[in-house]
């Protein structure tokens, strides 16, 4: 190990690379060295979960060659969305060290609100969706009040909500029990049949790669001016080429059947927006701060109450959005909307994706990765003719194995002292 | 406030009361002063949750005079037991800062094991129950391995178990689907029809009060010898008289109908055993230490792995026991055993009773208090003819209000700086 | 040409999806699926069956249907979790040139190609009517408790509707009713326990919407020390329920001729797969329909309805525990 | 640069003044009837035994705890400080004894927490540059500002906490044992810094157990004992022994006994412990 | 009582000896090829700048971190210390810089954590009595031992951590900045304590930034700089200036500059800062 950091390092000029105890990580070669170093010390980021995914995909493909077919992956992508959107909200709540057990009920309630206003009251669809989102926002506000004003732990407060809003959903749906959303409505079309045209998908891929390259370039230039270390242009080009190739291949493959669903594209867009909010704004910073150490955050003058409030409102609103999307995809709302394992899947997706239940750790992308893992297992098992009993057992086993991989990596990082 | 702690306090001799900044809390009067002081500073212990209970009980009694009838309270007590036992295990897991989402599945699986071995394989009932408990223990051991060896967060590990063991339960019940436990078996008799004879219940009450008095007395003597402050004998007598009166009245009232179920007595006994284990043994101490700061516990040389292992084994075994008791009470095992809200109710009972999801805080009695709150709400609503929708809404609302009370008190304590 | 859809070789290799709604009732996995698959294999050796169970989740059922279509299923036999939401599945399947057979529950808003069932509403009506008749016959005093299925289960709603249709006109008082969350027997037990303290001896009988909740109701009476237990109904003809009926703890259950219906469904499905267009006996909800009648089972007809029809084995019912009762009921 | 020049230029009227502060924790009376005056351009040291209530007083001032009784006057007006945000609005910046850093955030994030540059699109580059400037000024030996604070050594964390209090534009800086974990060089820099702050006319409150540091920079020394005032001393005219006596409540204390003993040992055995 | 009497009676062979210790955290090399010898009946001080790697070295010794390379010899045999339990078995007791107390447990519970008396039916009375004895010995000003440690002041917590290391029967005691948060009286008592431990023949490692404390009790002073050894000095024959120079890596450093400046200011303005 000592050969990497030599006692007399080469001359360095960057302010942030001046300490002589640091290994030299600049340039393409340095990046590679740093990367192997990180692997050795167990700091792998999303790598293990992606390896877990690859293993899940390989095994299922071996068991049933339809699994990796373009059509099935296309379905998989769209089926991720509604719970994925909910999981995104759950990530935010977990980040501040709280939990929301009621996302399932809230999604069901918001679906009911949409259906009742849109179908029964004949409101325009945008207004119906807005009403549902507003209901979600109000619910989130209520939770935040319970937490900040009365000090009710969010576990209990949202448990009460879980029951209460399920009741409200049943009440709204009333004696009918189920309401169909018309197939010819925009909402249902968007969720079931709207696919990105092939040419547009390639345009989007190129735009994404370009964006990666140019924002990286701008940042590197800014940092170089400030005499800070910066990624080299060749590295940036390499990275954006990788993005281009990866996304391009994915788009091409999915375009072999019906293409990429707009709903999935919208979901990825939402994840990016939240990534931005969480990493590049003062609000996001305060979210992490409150989750890491609420008392320390309070002492720096952060309005902790406001942070909790915003996060709970966001989470419930996203849950409502997820509920609306689920309803649109199903083209129906019933008493079971949002019931069953929506709750658990949404929270599990966030946790599997790497959000910590103890707050302060996790990323927006956790929702995306986590839900893809869960949906892949579910979709893969659907392709095998298994009895329910085996289906449950296999799901449990696959989940345990997939997450063990990820966790082993994290654990090795912990024993290397980088908690 | 200053009049309580005078600058020149009376002469003190006890080692632990020597600091002049301390208020004088000795004797009956001092205890009262200390008590009002604690109320003012918001440190109320179980008081708020008991006030919450009283309010719930009053309201339901006003709505339906059968609620507080001896027969209904007798039912209520017995209905608490199976989920209460599970909640006791959940308290332990929460104390070390972990969670077990699979207690419902494990209870269902253990019920299935009991039924299959007892009814189909014709094992003696004690052996069948033992097999079920053993299955629980093995499951707990598995979870602890996932956590300590692979570093899988217990949320995900037990989520995998939740699914896997549900599958195993379905598989075991197999072609039968549902299995009756014979009504004339000891197991079912114990859970359904075994009541403490009236005379014995009074004997037990007197024994309990005497035990409270004499252990208190022995401790006080020991402390006085060691020159530490001790409770006065009159205070101890007062306390044990209160126990005598309280328990005596409860026993008398329940004896107006069928009396106190043995199952409930056994549950309370189990809670006391766990109270002892958690507060008076080195193991219990290490449980709190690991929950409070696992790294600090590790640094003192505590075998953290072993603590996790023991706790997970205990929790799953108790879940198995709870499943057996639920099966015995229903006199049947089916695919729905352990499903539904068993999980959530068990965890919620622990949290409502005051166990913290972040570890290190909570008592064995949390399970008892929490499950009584939950069962009271459910039983009270049973007596009202409500639509499902309203039933859910009212449950949620009552839960929120009852816990708000408790939390408000805790919160006031926090603002007084005694976190 | 090889591989092109519609070739005759394709019909002989057809894939048929069999999508069941939940595991709350044991029958789908234990009876419907194996019976259906066996019959399909018998009729068309090269055909294969894609089986999935949606675990009471309409969205999951939709995913399963999509997956079946992605695997190239020509025919989907669908027992919808939610009759309303199943419209999407019919829609999607038709768009991809597949046929849909509604099984067990109808799909009124988007007619499928065929409907084959016994009717849940009728089940409710029949068990309730059987109890009412029994109470009138024995001259029992008091009212009835109604234990319904899950409030979030559409099938439970149909049964509930049927029960009310029989009870509301019977003149017997409905003391209280309860929607059992998730069909949980333990919840039913807790609720009935409460009603026993509330109404005491006024309870003349209990209509329970399935055997599990019925068993819960019986356990509640036993635990309350009520003897004899008032008549309690059930539904599904589970083994455990048959045993309780034999021992006199449960009053009735209902036997759905699953074998007949499953095999009929297999027959129709294979016909569709081979490009035929079978016609129904009647038309319901604009769908060609074939309906079968469920039979109420009590001690009186248990042997004939369950044992003789091979639905349950006498040996399975008559474990040593129930041997004496079996002898009394005349089952070997 | 000397302390006289600047302290002479600024009138000695208190900008912050506490009177009759009480604070109880359950059965413990942490502060009883405490008074304190802080003047602009002056360094007020608070000293006292462990558990004397120094940090509690600091927390009352910075809005972390609310006093049970007593008044706070700031700039001549009576104010209520009910939250850290209040204190921040008044221009009171605090370095807490337990540092109060978010261990999951990195150094830059902690430094600018709650006062990020360009809050809707964070200006990370400028923040990083300014962080390096600040840390260099304090002689901090931090290899990278992009590691979570959890990975820093005790002294590095303390430097971060001190650096944070300098951002913003405080009128009063409260330092609760700021040099406890610092190395010799860093301590020297912090003492220099305190003198610079005094010269700029800020009011500085410093809590410390180190008599050398206290006497090096303090103008006044307020002693707390068991939660009560035990005298305010003029740093220039009071000896360390007097202050230690006020802290411990006795002229015969552990410190004097130890000094006497080691002196006696040295006189019988020579000066160093030459083994 | 003097240091000479006892140190003369015990041979100066190291009971603990580290050689070639490396420890990396991700991109930072915290320790590189570090050597250290600890003798029984001797106090070895480890000094160094912030982030020099002192605490990392302590953690390697106490089994908290595993070294990436290097050997540890204890009592003449090479040993592997892979967990704190291993260290405890060897008789190494440590006071960590971050104290490592369980804040939710009270003082008695923390003191006896992992070594409770009568583990199946805890002997709370004896434990409480012994706790008071220990704390009194350290002059701790703790009003009640039955409050959670979270409610203690910084110095009170540190006293508890020190007291804990004395329970059990250690052969080597490692103190990582033990007096950082302590009051003057408590510091004096801890220094006395260290001398007593030395006299009893224990090996003591003390990490500290306070040159006075180090020179008061240490026999040898090992300097770490940027994760490497930077010399071992004999405490009796080395001046503070020499050590500070070794710590900072230069004879012209913040400390000397500050001293020069204040001296200059004092000579132009009189001795005290008389305002």
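First chain written, first letter: the chains are A, B, C, D and E, and each begins at residue 1.
In this text, a contact is a pair of C-beta atoms (placed from the backbone, for glycine too) under 8 Å apart; a residue touches a chain by one contact, two chains touch by 3 or more.
What you see is a predicted model; the values in this text were computed from it and never measured.
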The chains touching both chain B and chain C are A
Via touching chains, chain C connects to chain D in a minimum step count of 2
Greatest Cα-centre separation from chain E belongs to chain C
If you tally C-beta contacts across B-E and across A-E, the winner is B-E
Most remote chain w.r.t. Chain D, using mean C-alpha positions, is C
Dist(centroid_CA(chain A), centroid_CA(chain E)) in Å evaluates to 46
Per the C-alpha means, the centres of chain A and chain C lie apart by a whole-Å value of 39
Note: chain E sits from chain C at a C-alpha centroid distance in Å of 74
Between chain A and chain D, the Cα-mean centres are separated in Å by 43
Chain A residues touching 2+ other chains are 19, 21-22, 170, 387-389, 391, 418
Among chain C residues, those touching two or more other chains are 23, 29, 151
Expected list for chain E, residues touching two or more other chains, is 25-28, 141-144, 151, 226
Those chain pairs meeting the touch criterion are A-B, A-C, A-D, A-E, B-C, B-D, B-E, D-E
Given the complex, residues on chain B that touch chain D span 1-2, 5, 7, 20-23, 25, 34, 37-38, 41, 43, 415-418
Contacts from chain A onto chain D in the complex sit at residues 15-16, 19, 21-22, 219, 222-223, 226-228, 280-283, 285-286, 288-289, 291-293, 295-303, 360-361, 418-419
Counting only contacts in the complex, chain C reaches chain B at residues 23-24, 26-27, 29-30, 151, 176-179, 181-187, 189-191, 193-195, 197-198, 211-212, 215-216, 218-219, 222-225, 238-241, 243-244, 249, 319, 321
Residue positions on chain D within touch of chain B in the complex are 22-30, 32-33, 65-66, 68-69, 226-227
Chain E partner, complex, touching residues on chain D are 1-4, 7-8, 25-28, 48-52, 54-56, 97-98, 139-144, 147, 151-156, 159, 177, 180-189, 191-192, 209-212, 216, 219, 226, 235-237, 244, 247-248, 253-255, 257-258, 261-262, 265, 268-269, 272-275
